[in-house]
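As written, the chains take the letters A, B, C and D, and residue 1 is the first residue of each chain.
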Amino acid sequence: MNTIAFTIVAIFTLTFALAAATNPRLMHAALSFAVMFLAIAASFFLLGAEFVGLVQVFVYVGAVAVLIVFTILLTRRDAEKARGFNWSGVVIAIAVFAGLVWAIMKSASVSVAPSVIKALTVKQIGVALMGSYVWPLLCVGVLLTAALIGALILVIEDKRQ
Amino acid sequence: MSSWITHNVWLIPAMPIVVAVFILSIGKHARMTSAIFAVLGQVMALAVSIFAFAPTLHTHGFRVVENFTWFTFGDQHLRIGFVLDPLAAAMLVMISLVGLCIFVFSIGYMAEDKNFSRFFAYLSFFSGAMLGVVVANSLFLLFIFWELVGLASYLLIGFWIERPSAAAAAKKAFITTRVGDMGFFLGLLLLYHVTGTLVFYDNGGGALEPAALAKIGSSVTLVALLIFCGAVGKSGQFPLHVWLPDAMEGPTPVSALIHAATMVAAGVFLVARVYPIFAVGAINGVTPSLEVVVWIGVVTGLMAALIAVAQSDIKRILAYSTISQLGLMMVSLGVGGVAAGIMHLLAHGFFKALLFLGAGSVIHGLHHEQDIRKMGDLRHLMPVTFATYAVGMMALSGVPFFFSGAWTKEEILHATESWPRSHVPHYLMMIGVVLTALYMTRQIIYVFFGNSRGHANEARESPRVMTIPLIVLAVCAIAFSVVLTPAWPWLSCYLMGVPTFTDVHDPSRAIDLLLLLDPEFTFRILISLVLVGAGIGFGVWLYRRAGDVDPLQQKFPAPFRFLENKMWIDELYERTVIAISALAARISDWMDRNVWDGIVRGFGFIGQLFGAFTTDTDENVINAGVDETTGGARGFGRVMSRLHSGQIQIYLGAVALGMLALLLFYAWLT
Amino acid sequence: MTLSIFLIVSAALFCIGLLAALSRRHAIFILIGIEMMLAAANINFIAFWRFAPPTAQPTGVMVAIFSIAIAAAEAAVGLAMVIAVYRHFRTTNVDQLNQLKG
Amino acid sequence: MARSVDQIFIHAKEWLLSPLAGRAPDWVIQITSSLINIAAVLGVFLTLFALISVLERKILGRMQNRYGPNRVGPFGLLQPVADGIKMLIKEDIVPARADKVVHFLAPIVVAAAAILALGVIPYGRNMTPFVIDGGILFFFAVGSTTELAVFMAGWGSNNKFSMLGAMRAIAQMISYELPLIITVLPVVMVVGSLNPDKIVFAQKYYSFGFVPHWFVLTPWGATAFILFFVSGLVESNRTPFDVPEGESEIVAGHMTEYSGFKYATFFMAEYLGMFAVSGLAVTLFLGGWRAPLPWLAFIPSYAWFFAKLSVLLFVFIWIRGTLPRIRVDQMMNFAWKFMLPMAFTCLVSAAVWHYAGRRLSGWLWSFAVVALVYLALSLFLDTRKKFTPRTYRFAE
């Protein structure tokens, strides 16, 4: 494991996350959001779960980012208006971060070296998915269909007007 | 024909009652029809009685019983019935005959009265009830007729309801007799409890038959005495005699019928009828109950005779004389002379009715004047009344030979003489006889002899319709003595159900005149002659020049006043019994008003209290509490709603803070 | 290279997501914030899977995959709602969308 | 001998790496090896791009009975150099109120996506630049970023036409991405792995001595290949489906505001995309670097790969020259109503083929399934759709 690579990736992720969170321009924020997910995928690669990384890229960068961008397009009319930025959110976020860090630091069992592990192959994931996780897979399938149909109905414009 | 009547004896009481109901129903104005019907009813009753009397002569110890079950109650059967035996038959004839004379007399006496028909209805109703008492074979049926007689006497005494004294007298009579009847009823119940049946003669099963008598056992005295209470009440014996003198408020025929001949006799008849119960366990003829009867009789007889001497009202004198005579009869029954008692009862019925009717005609003649001190020298103005009245007086005071009263009195004195317990009653009764003769002579002198006082001079002889019954009764008083003489003891044997002396030995010498000459018999007649002679002579001597004021009163004013006021017995009762009952009434009223009512009001109060308590708790505890909580809830609700500002980010911030808090808590824990 | 560093990075990412969700007024940014938080969670899963002793079933990975799928569905529905809200209220400014206030 | 020729490039690489082998830490070695790979890939494909760009114009010309560019260099082969220089010299105009950053980034992202996709395809035995277990998935994951890039381009240039073009391109690419992936599924299912090498390895046998086990020769394989090829056309916005930058309609679609080098990058990215898709098609269906006949195996593997690739590219160009542009809604209907069901039938018939024992009977059964569905669809798909009155909606 190369810490350097990891630090780079971590820095990338956090900077783009911050950009997505704070960038006043909507479109830039959305794009930095997408890039951030690329960075996250990279960190997954580093952690040895390529498949998840790829899926992450595939789903987020491929679909969600596009969706977000399209939504921004569809709601462009008031996008330009300058939006306030309430600082209480920031305060809370920092507080929570401090809390979490404290928790992590406190629990000694966490600081452990990565265990030697043979690469996770897609075949193993396939077997697991189709084996003991077949039921969740079906549920997620149903969930996704339902969600998408729901989203469609929400958004579809009634042609009869 | 006659056998049919013996079995249907109930017809005799039924007829007068039916006539009474008929008279009441035809209304007030049919005066003469009601009178005729009443008399007719009485005549029918008399005829049937005579027909019933005839067959009883042939056999000794004749008794025909007609019983039936009135109603069954569970396993108890109430049997009642009618009986015909010498005692009943004799009484039937006497009552109906006397009744008839009184009916005829009262037609004249009550002529001007506006309630004429109602009077006759009550009279026939009374005579029916009296006849019923005589023929009843069950103590229960006898008790029923007994009560009807009581009711009839109440109605008749209080006939002139508009006069308050009459109403009070009726009420007094009814209540006093009721007291006696209570005792009678308890006796009846006890008898039923002990023997299981109330019928007198039920071919072996009856109460008066040996089987039941054996069963009575120890409580016989109690039963006898309780039944005797009824007799005391009805016949006006010592403790309960107070109502009789006041009963004179009623019209004179009423007094005659009820308070001379019949009703008062009912008590004596009852004792005679129920005699076997009294006689159970008699040791040579003496039982505790009979002793009580004797002493009650003696006391009553003597007391009444003394009071009669000091009375000034013509009817009150006769009333007290009746009480005295009844006492005498009770004594004769007590000492065992049942036949003598009954014979005296019959004789007394006749001559006492005669005296009362005579007094009635005197009063009628003097326009309702009753005080003898305002009468006098009436023998020339009312000769028939005077003659019949003299016959009655002679019979009552017991002048021997020709008059019925003498013979029966003779018999009674003979019976008391042979009473083993003590001779005191015998001597007291002799004094009684003397006193009777004394007050009767006083009365006759005051009324018919001496100088006329008051309005006596305007007296006129009563009309024929009144004098005929007087004459009939006078003849009866004299003729009756034929049967009563010991020479021909037919009646006593008939009554006792014993074959006469002669039948047994020598049927040919039915009448034994020689007996009269028997030395032992002549001695008894001599004694009675001496007693009566003393009484009359002392009376004539004492009252010959009597003025307005009674000579005895001049000599012994204190005792005279004592007697004149009826020995203060009324006042005694007034203070004691009535006072006590008034007090009891007041107490119960007080109790009811304060204690029970108090308790109820107390509960009510508690209820109110509880109600008040609940309302105000509800008011300020619960309501207030509820208001508070609702107010609090609304306040809290408002606070919470402000929290829900609709800002999503605030919610998310809250979530984050919550998580942080948890974290801190966790930190604090470890 | 210890697990705690990964955890710290994911915590940071989580907080940035929180920051985005809390402070930005735009509706879409709330969704972006949520997606970030979910991604942070995924990192944790994979990190724990990686650092934990090897197990038969790659549960961490499985959970991560499923959470990605669900997050995608959620994002889709969320954005659809944002569009619908925009069409109805003509605004995506979260402050003005407080019709559900109590 | 054939072996050594086959592995010539691999030995070259090792030769290059040898100085570093001993001394440098291994991550340095890794990086240099991947750098070498990248250099090789870029080199090969950029030259191919240049070549194809000119060849395409010459072939099109030939098809249209005219010569293509033949002025610059022998037979016009230096034309790409000329174009390159032209592109570089041209002024790079950036719209005034355009979103500078996005505008600048868009071409880079598109090119990067395309190049990344090329990194995964096995060009020869042991000549896969990056061996990733989920290689195919990597290819598609990277492929999906192109949509975002296109959008950035469209949005960045702040121009209605480019925005509209971008919308169309994205719609088109998303709709065809689904069939593209689903047609790949049967191959992955049959092979049992997402690793391209394994897929090529699975196609190495020959039945009856001369018939290679290429997936294209199976019924479901053939349909899948056709569908895959068509989807590939759409993904790379090639002719029948080059609606986004349809010159006659909306100038150059999302590339309208680009000029100079950025436009060149777009142009290059498009061709690289085409190379990637056809490269994948070759790996999945045409047996990758496998020789068609066993005895032809002596020819090096990469030779076979590039031969097949050039065939496919020719077809691309051929199609460009012959087919007219399709209307957008027709394209959409075609994607959702025909391509998707057919893709699913490939999946089913592959399953039937597999469970029927992969022998001749399996072949017949799966053929029956595919034929049946094809007939059903062609009958029921009422392509002569009665058009509802068109409603024009303008962006608010």
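By our rule, a residue touches a chain if its C-beta (ideal position, glycine included) is under 8 Å from a C-beta of that chain, and two chains touch if they have at least 3 such contacts.
Remember, predicted model here, so these are calculated numbers, not experimental data.
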>> By Cα centroids, which chain is closest to the centre of the whole protein?
In response: C
> If you tally the C-beta contacts for B-C and for A-B, which one comes out higher?
Replying inline: B-C
>> From the centre of chain B, which other chain's Cα mean sits the farthest off?
In response: D
> When the C-alpha atoms of chain B and chain D are each averaged to a single point, how far apart are the two points in Å?
Replying inline: 146
> Distance from the CA centroid of chain B to that of chain C, rounded to the nearest Å?
Replying inline: 120
> Whole-Å distance, chain A centre to chain B centre, using C-alpha means?
Replying inline: 126
>> Measuring centre to centre with CA averages, how many angstrom lie between chain A and chain C?
In response: 6
> Going by the touch rule set out above, which residues of chain C reach two or more other chains?
Replying inline: 18, 21-23
>> I need the residues of chain A touching at least two other chains; which ones are they?
In response: 51, 55, 63, 77, 86, 88-89, 92-93, 96, 100
> Touching pairs of chains, which are they?
Replying inline: A-B, A-C, A-D, B-C
> Along chain A, where are the residues that touch chain B in the complex?
Replying inline: 86, 88-89, 92-93, 95-96, 99-100, 102-103, 106
> Which residues of chain D touch chain A in the complex?
Replying inline: 27, 99, 101-102, 105, 132-134, 137-138, 140-142, 144-145, 147-148, 151-152, 155, 170, 174, 177, 192-195, 391, 395-396
> Contact residues on chain A for chain D in the complex?
Replying inline: 2, 25, 27-28, 31, 34, 38, 41, 50-51, 54-55, 57-58, 61-63, 65-66, 69, 73, 76-77, 119, 121-123, 159
> Which positions of chain C touch chain A when the two form their complex?
Replying inline: 1-9, 11-29, 31-33, 35-36, 39, 42-43, 46-47, 49-54, 57-58, 61-62, 64-66, 68-77, 79-84, 86, 90-93
> Once bound in the complex, which stretches of chain B touch chain A?
Replying inline: 649, 653, 656-657, 659-660, 663-664, 666-667, 670
